[in-house]
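Look at the two complexes coming up: chain A is in both, with chain B in one and chain C in the other.
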Partner chain A sequence: MTSVKTVHLSRTFKAKKKDGGGIVQALRDVSIEINKGEIFGVLGPNGAGKSTLIKILCTLLLPTEGKAYVAGYDVSRDYRKVQEKINMVSGGETSGYGLLTVRENLWMFSQMYNIPSKAAKENIDRLLKEFDLYEKRNERVRTLSTGMRQKMNMIRGFMTDPEIIFLDEPTLGLDVGASRIIRNFITEWIREHPERTVLLTTHYMAEAEELCDRIAIIDNGRVIALETPENLKKLVTTEFPFTMVATGVGHPERVRELVGNATWKENDEGALKFSMILEDESIIADLVSMIVEEKGKIIHITKREPTLEDVFIKLVGRGLD
Partner chain B sequence: MAVEQIKNTLSRNFITFKTAAWLGWQMDSNWADPFLFIIYTIVKPISATFILVMMYVVVSGGSTAGSLFGFMYVGNAFYMYIFQILFGVTWVIHDDREHFQTIRYIYIAPSSFYAYVLGRSMSKLILTTVSVAITLAFGILFLGVPIGLGTVNIPMFLAVFFIGLASIVVFGLALAGISFLTAEHGMGMNEGLAGIFYLFAGVLYPIGTLPAWGAAFSKIIPLTYWLEGIRRSLIPTSTDPTLAAYSSGFLVYLMIISTIIFLILSIGIFRGAEHLARKQGKVDMLTSY
Partner chain C sequence: MSEMSAQSRGMRDVLLRNFRAMKGRAYPRIIGMNREPSWLFFDTLMPILSIAAFVYIYKAMNAPPQYIGYVIIGGAMTAYWMNVLWAMAAQLYWEKEIGNLQLYAIAPVSTMSVMAGMAVGGAFSTTIRAVSTILVGIMIFNVKFSMASPLLLTGIFVFTMIALYGMGMMFASLYMLWGREAWHISEVLTEPVYLLSGFYFPVKYLGTGVATIAALIPLTLGLDGMRQLLFPYAGDGFIPATHELLILTVLSAIFLVLAHYFLNYMETLAKKEGRLTLRWQ
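Right after this comes the complex of A and B.
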């Protein structure tokens, strides 16, 4: 049963004159179908079009071309009916009325959804406990840390028991503990409500891999792959993901000349950590010779199990960082 | 079935309105401790009015007697509603979008955005009512403003007052829609409109003192009739000579007709601006002002 559907969805923006003007293509010809009961991930780097997609599906933005349906309703025409079925949570922002307490803030939003006041308060208290925020229920929102605010926002999104919830980078900038609580809650919620749907955007590969039933990889506004995490990883199982850490490499771009998809970054010790996918392992000999020629030193080379990052690098030609 | 649906919609809108009014009150009253807040509520309108009174006294050579003083004093007191409600309604959009960053969550909620905006501006209406009452009481007690409590035409006052408030809210609604499309400095827009009303709606002087085109313009503004009706009900001798030929019933009739026309226009403007904001991605934009 389809919950969300987009058909050749595109969105352009006019760039500001100070940014050079012209047209920015945020989404290009996106056609996806998301089923009820799914946690569907949209994975891509910053600026890939993830938030634009969510804004269209949440009725905040109109598409330039194509159609989008949420719970069977056209988001452009029947947006009031769509709003009956959805809620959303965005990460990395400081939304909330700072003068109100956590409980007041949540109660206020519950009234916008016509939830009877008593039931809303009971539900809010239950969720505050689940998110480990109950102790802060009477604190003013302006005194909360980023992580606490984000937990409050998650409660705001889920307390209305939406048919479809859109989570736009919900763990952005959070510490490990807060992220874990949020991830566990999402998994548990969909297990207990198999008729509901979650659409989650993230640029954390591990989060997408852990949570999502299917993942759309999006880059430059275009969906370049859509599969289960397992099937996506199969795209690189005939190849060999390697990590190489080396020092004294003066010209890391020569590694890329040899292995087209190699990416690298400097680690804390000043060494370069290369990630690459080799179609033929015999190229390692050439790689070693090249590093030695450069008077560099290889600390170690590791062959890894393929991850979504490897898939991403293969498909996009670069990493997310 | 249809009746049940209408009942449900009204009930939902009322809950939204009530909640938004509660939120607005929290915002407007919680920024200071209660004692300071009460002092501010009393002193602000009196000091604002006193500036005008001093100007009048200087120009008139030291007197507050005469019908023009009452004309000006009452007009200025009730003008507070125009400024505060226009400001309040448009401020909701900017406040929720730029400061609290909650507008996207309010907008996607399945409740009436009109009910929300109107509810949020209710606290401004209540606080302004307190200010107007204090200003009038101050004028009657200390400045000789000729409002006799026994001579006030209460039915006319109530009828004119509420229709006028409705027309101000209607103007505010159009501005709220336009606010979706403006950056935070767009707040100048409501100050500009309030300024136009200050100049042309017969707040401080009879509209006959304006050039012919200005007086003609005054007559299409419902607030001109509102202020005239308020004055007639409070100080029967203080009328605008240009409007003296209009009976009180005709004034009310003109107010109702012009408010309905502006209501239709305002809803059109709000919806048009809302659609444009969705098209341009401005519903939840952050302008960083």
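Right after this comes the complex of A and C.
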């Protein structure tokens, strides 16, 4: 049973003059179908079009071309019907009023959804306990930490019992503990409500892999792959994902030139950690020679199981960072 | 028959939904005042200073004693004008900045009910401030009011508020689209309205032509009507208070209809242009 459907959905923006003017194509011909009971992930780098897609589905933005349906309703025409079925939480959200308490803020937003006060307060208290925020219920919102604030935002989104919830990078910038509470809640919620749907955008590959039933990889406004995490990983099973940690590599871009694709990050010890997908393992010998030639030192090379990050690198040609 | 009852249930549900939204949005405004006691100083004692300046000018000129009362009422009503201009119209800019606007926009309620919540909450808290200003003014300057018709006075005050906040909702739609750029409009409007609405003098002295144009601003007739009813012996009224009530009723309806139209239009335009959210979100 389809919960969200887009048909050749496109969206353009006029770029500001200071950014060079012209037209920016934020979404291009996106056609997806999301089923009830799914946690559907949208994965992509900054500016890929993830948030634009969510904004259209949440009725905050009109599409330039194509159609989008949420809970069977056209988001452009029947937006009030759509709004009765949905809610949305964004990462880094600072919504609400700082001088209200956590409980008052949540109650205020519950009133936008026609929830009687008594029922709203009971629901809020239950969710505050689930998110480990009950102790803070009478604290003013402006005194909350980022993690606590995001838990409050999650409660705001889920307390209206939406049929479809849109989560736009919900764990952005959170510590491990807060992220885990949020991820566990999402998993439990969909398990207890199999007729509901979650659409999640994220930067974090591990999060997408852990939570999502299916993932759409989006780049430059276009969906370039849409599959289950397992099937996506099969795209790189004929190849060889490697991790290499090396020091003294003066020109890391030479590694990319040699193997065709590679991303790297400096670790705490100042060494470079490369991720790459090799079509032919024999290229390792050339790689070692090149590092030695550069007077670098290889600390280790590891062959590993393919991850979504490998899929992403293969499809997009670069990492998320 | 059952179709009709389903329709009436649907209508009741829509009304209840929007009433709850209004109540919810009014709450921060009402409760906020208790949480920030500094308003007592800034919103009660500070306005008394500008009121005092005009009072002493009138005293120096040996103006009739009711002029001191005019100034106190005008001074108290400036609180509503500032509330409408900066905390009502400009509020949508701030709501967008903190991320509330997008949450209101995706809620299944009319933007009008969210705005009405702001208006009710704003009018409530401003009334407490205005009454405090009047009380302090009466105590300091020993002004004596004689109420001619409490019912008419209440009617004029209530419809002045409805028309004024309706106008505020209309301006709010500009902030939805233009954001901070719309501040210039608020800045441009602040001082001229003080003059045109006769905050510190009877508006009839502007001359019939100018006063008639100024009557489009709800505060003009509101102030004039209230002054006539609180100082019935003075004879400084522009037109009879009953006529003013009638015009204010019409202005209320016009501004509310225009606010509804503008808010819908601007919301659709903002959705087309992607202006309901911040760029980075």
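Here, the second predicted complex is superposed on the first by the 321 of 321 C-alpha atoms of A that agree within 3 Å, B and C clash if a C-alpha of one lies under 4 Å from a C-alpha of the other, contacts with A are read in each partner's own complex, and residues count from 1 in each chain.
Criterion: a contact is a pair of C-beta atoms (placed from the backbone, for glycine too) under 8 Å apart; a residue touches a chain by one contact, two chains touch by 3 or more.
All of these numbers come straight from a predicted model, not from anything done at the bench.
Under the clash rule set out above, the superposition-derived model of chain A with chain B and chain C contains a clash between the two partners. In the superposed model, A:Q111 lies in contact with both chain B and chain C. In the superposition on chain A, no contact is made by A:F131 with either chain B or chain C. With both structures placed on the common chain, the touch criterion links A:Y204 to neither chain B nor chain C.
Shared-chain residue A:N87: touches chain B and chain C both. Judged by the touch definition given at the top, the superposed model places A:F274 against neither chain B nor chain C. Contact with neither chain B nor chain C is seen for A:F240 once the two complexes are overlaid on the shared chain.
Shared contact residues of chain A with chain B and chain C: 13, 55, 58-62, 80, 83-84, 86-88, 90, 93-97, 99-100, 104, 108-109, 111-114, 156.
On chain C, the positions that touch chain A within their shared complex are 13, 16-17, 20-21, 23-25, 27-28, 31-32, 35-36, 98-100, 102-109, 114, 268, 271-274, 276-277, 281.
Those residues of chain A lying in contact with chain C across their complex are 13-14, 51, 55, 58-62, 80, 83-84, 86-88, 90, 93-97, 99-100, 104, 107-115, 140, 156, 168. Within the complex formed with chain A, the chain B residues making contact are 12, 15-16, 18-19, 22-23, 26-27, 30-31, 100-102, 104-111, 116, 275, 278-279, 281, 283-284.
The touching residues of chain A, when paired with chain B in their complex, are 13, 55, 58-62, 80, 83-84, 86-88, 90, 93-100, 104, 108-109, 111-114, 156.
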